[in-house]
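Just passing along the structure, written as structure tokens.
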């Protein structure tokens, strides 16, 4: 097993080329459909800030569901155990986008990484900050803080386009509201949610942003503590069991790292106490996770021998 | 078996008194929750217009889901076989208010008498009349026509109250919109739907209004044909298989008549070629159908020996 | 509308020819798979015993699920209201062969015409007659009685073949047993059930056998009362709401008669107080009901104007 | 954080006493129902074989579903990637014992730790060893090998009692057979499965048996390799995502270790590269996992600071 990370990233970059043709770029909104398929980037950041990367690692893309990790961490720090009254931490095991389960389970989403759960988390942040504009600002500021990067922002066109096609999310939010698990105006929260999903970041930025989750909630470079060590372990646990929708078990089985994917083609992962990783390859497999990104991470754990198991 | 209908109605009226205490008045909106429990009315109308009644048969109440029969008949007459592209005619067999099934079946509601189906029917009427205000007027006019009664109208307070608690219907409509089975703005259609449900009628008026369905789509008194004989049979068939939500089989089994209930406590029924019937008793059984109303109709078919089977 | 039944049958026979090519013969067991596709027969029997028929109306075929009507009538007569403790009368609304629903609803089948329900009915008959051999004899004797035909028997090869492929029925029975809704040994009851399904009859025989259900439970020719008038209406009600699996609503909508189909290609129907009907055409539609048989019955109600609605 | 394991175990033992009264001993078979509630044992084994324990750590109990870890490891070693044709590695997310999901997903169980999945694994072992007696012997020998203990055996009374109440497992197996995902006779495999579940072991024995999974598939004491390092990681990954039925997410969240529970009150866990652990406390929480055992493991990871995240 090797720890020459740059060499390993380059080997993966070479091996992954043919895989970039496979899968399908998300096409449910025009702004995502136009993303070029054959792109790849991978970045990792170590405790001391040293980082390695290959491919278009400065290219920004839509982080989409990766944002759910950030808002969950932020809300967990605010609400602590009160979170669990409104959202669970159990894999959903459900390929049907969870409307079914949400109904059977009285409007309490299975976990914060399915859409229903993430909407509740955003609703909780809107409640806490008492206003949806303020809540969005605080969400963006949290992401800027963990990234040590004030430039991070969302793509207004993507957010607008999401809203125009967001009927299923509106259905989820209204269903939760009918079960009294939604405090604020449905439209306000859903729009805030779409803006948070529309944040654009590069793999270099994402890998930096995830560093605090690899090191017990505290940024090892500037020593800022964003969440407690216990909360950090729990965010990682939820990433492992629920981070890849209905392919979370497969991902844990083949990759063996806490990680979260986004429909924009990104995946972030952590190797506790060692490093944070981000990968980007926009073509998705049938579960909605980056095809080549998943493979790249599997190769990475194989070549380095690193894994949590 | 007797055909002295007045005597039979009076017998039922007497026998039903104790049953009026059982069940629960709908309480999901204040305007319905305040309805007095121990009320009862039953009316029937024969081919020549002769009618019989007992109880508070001039007392108006909220017809709620009974309105679905009228809008379905109206839309069937407009769209004919094109109806089935957007809504089925199959019992749902589902106690869970059908969000589950709607998702599995790609946004096509099982039948026009579950909420999702009725929302699609109203959406079709809004599309046909090109405007939600016009559509509502046409719906009201259709009900006035079949009732031969220009005074029929909806209760604005009930409609407003429904809208304030209508998150589940908004969820259903948004879910159908995500499957491209909803043409107009969700809020516009849902509000039109709540207004149609808020129409108030007495059992005398409802029994008169249903007469055309007992006589092949044509009002036997004034000879107006509202729908074709074939369409009339089909509306009756859907009432029989789907008229009482997840207790439709029970109702067919015990009463044996095409009928439709509403959460306001009303039930309408037809005995083809003989008569139309309406009953009112606001306390509901666990399926959301009038408890005493169902029993009254069962007694009626037992005492008269009338049944379609 | 005409009542020259022979003429109507011949018209249908002619018109249906092209439809016989459509659909697919049941092929889950070899004994059924070898049935020739392009066969058709239709028979009807009036109150006085007069009967009309076209096609191969003396050709025996496997009645399969039509047998469920006979065992349900037989058990209802024995158990009366105690039936409902073990099986409901509600349409299942479920295309998935009901294992799902059976689990959610604690082992109580929705109705006696889905497989789970019919297995419970046979289990009840085995309990009542205290032995599976005796129960089978009583089932056969009941069918012989209502048919006025001592020759009726089952096809042992079909029954054996069913048993060899009957894992899903064994799953259903074991699941019910785990919920304490199955009294006898699973294998014994399932085998009895497969034998009852393997009874062979012609449309002439079936139409004669169904006559008692068209006339309030009493055979109008020999005046034998097999079940009460009230029970007869109820069997008809269940045929209407549940007789065609997940296409029962469609069938009620298009044909408008209480009827029951079998996977062998038969359908039986009654027009209360007028006649009983049987049709045979082995190729099935996607719901497992005879394609041409359904159409033939729809034509019959259209041409005669007869319907219960 | 401390590594004085004996002291930590004793602290946990003291703190857990009151918790032993909570929950309910499994009572679906008499042989388990008679187990005394207030028992507790906890054992851990380090790389060099050093072990620590508290409570009745030599008391044998029924390992039940813990056996699924052993048969899965054994079958994975035989079948390698061919496993996945017959069983997945995805959390089921389903509180309903998975009959529902098994039907929707065509007889392929979600993972090897739900009953359906474990039955398929045993079926695969019966196929491989060509006989159910031989398969059982090989299963027992595998457990004896990893435990370095030839005395380990199953409790025939428990196995017999399971078979007499095993209708749901028979339903699962028959359902899978109907989908062609079951090769051998249902009764043979189910009986073999019940015998494997009826193996009795103490926490000292279980902690020793799990050591190979803490050290990459190889027993660090005698250097026997039972499975490959990659297979070992994968067994651990499945324990983490699926080891506690529908509370696997909760367990990962609160305890943070790959672990598997059994309805007999045992839980086994590993801390990769450090140790294996076994705990016993027979009263179960509502998910069917040992109540005090789960808490004891949570305390252990808190007091030691050990976790995979």
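A, B, C and D are the chain letters, set down in written order, and residue numbers restart from 1 in every chain.
By definition in this document, a contact is a pair of C-beta atoms (placed from the backbone, for glycine too) under 8 Å apart; a residue touches a chain by one contact, two chains touch by 3 or more.
Predicted model, so just to flag it, every value in this text is computed and none were measured.
Common neighbours of subunit A and subunit D (chains touching each): not present.
Chain centres computed from CA atoms place D at the largest separation from subunit B.
Measuring from the averaged C-alpha position of subunit C to that of subunit D gives a distance of 47 Å. Note: centroid distance subunit B to subunit D, computed from Cα atoms, is 55 Å. Looking at subunit B, one finds that none of its residues touch two or more other chains.
Those residues of subunit C that touch subunit D in the shared complex are 96-97, 99-100, 103-104, 167-168, 170-172, 174-175, 177-178, 186. Touching subunit C in their complex are the following residues of subunit B: 88-94, 101, 110-111, 232-234, 236-238, 240-242, 246-250, 252-253, 256, 258, 272, 307-309.
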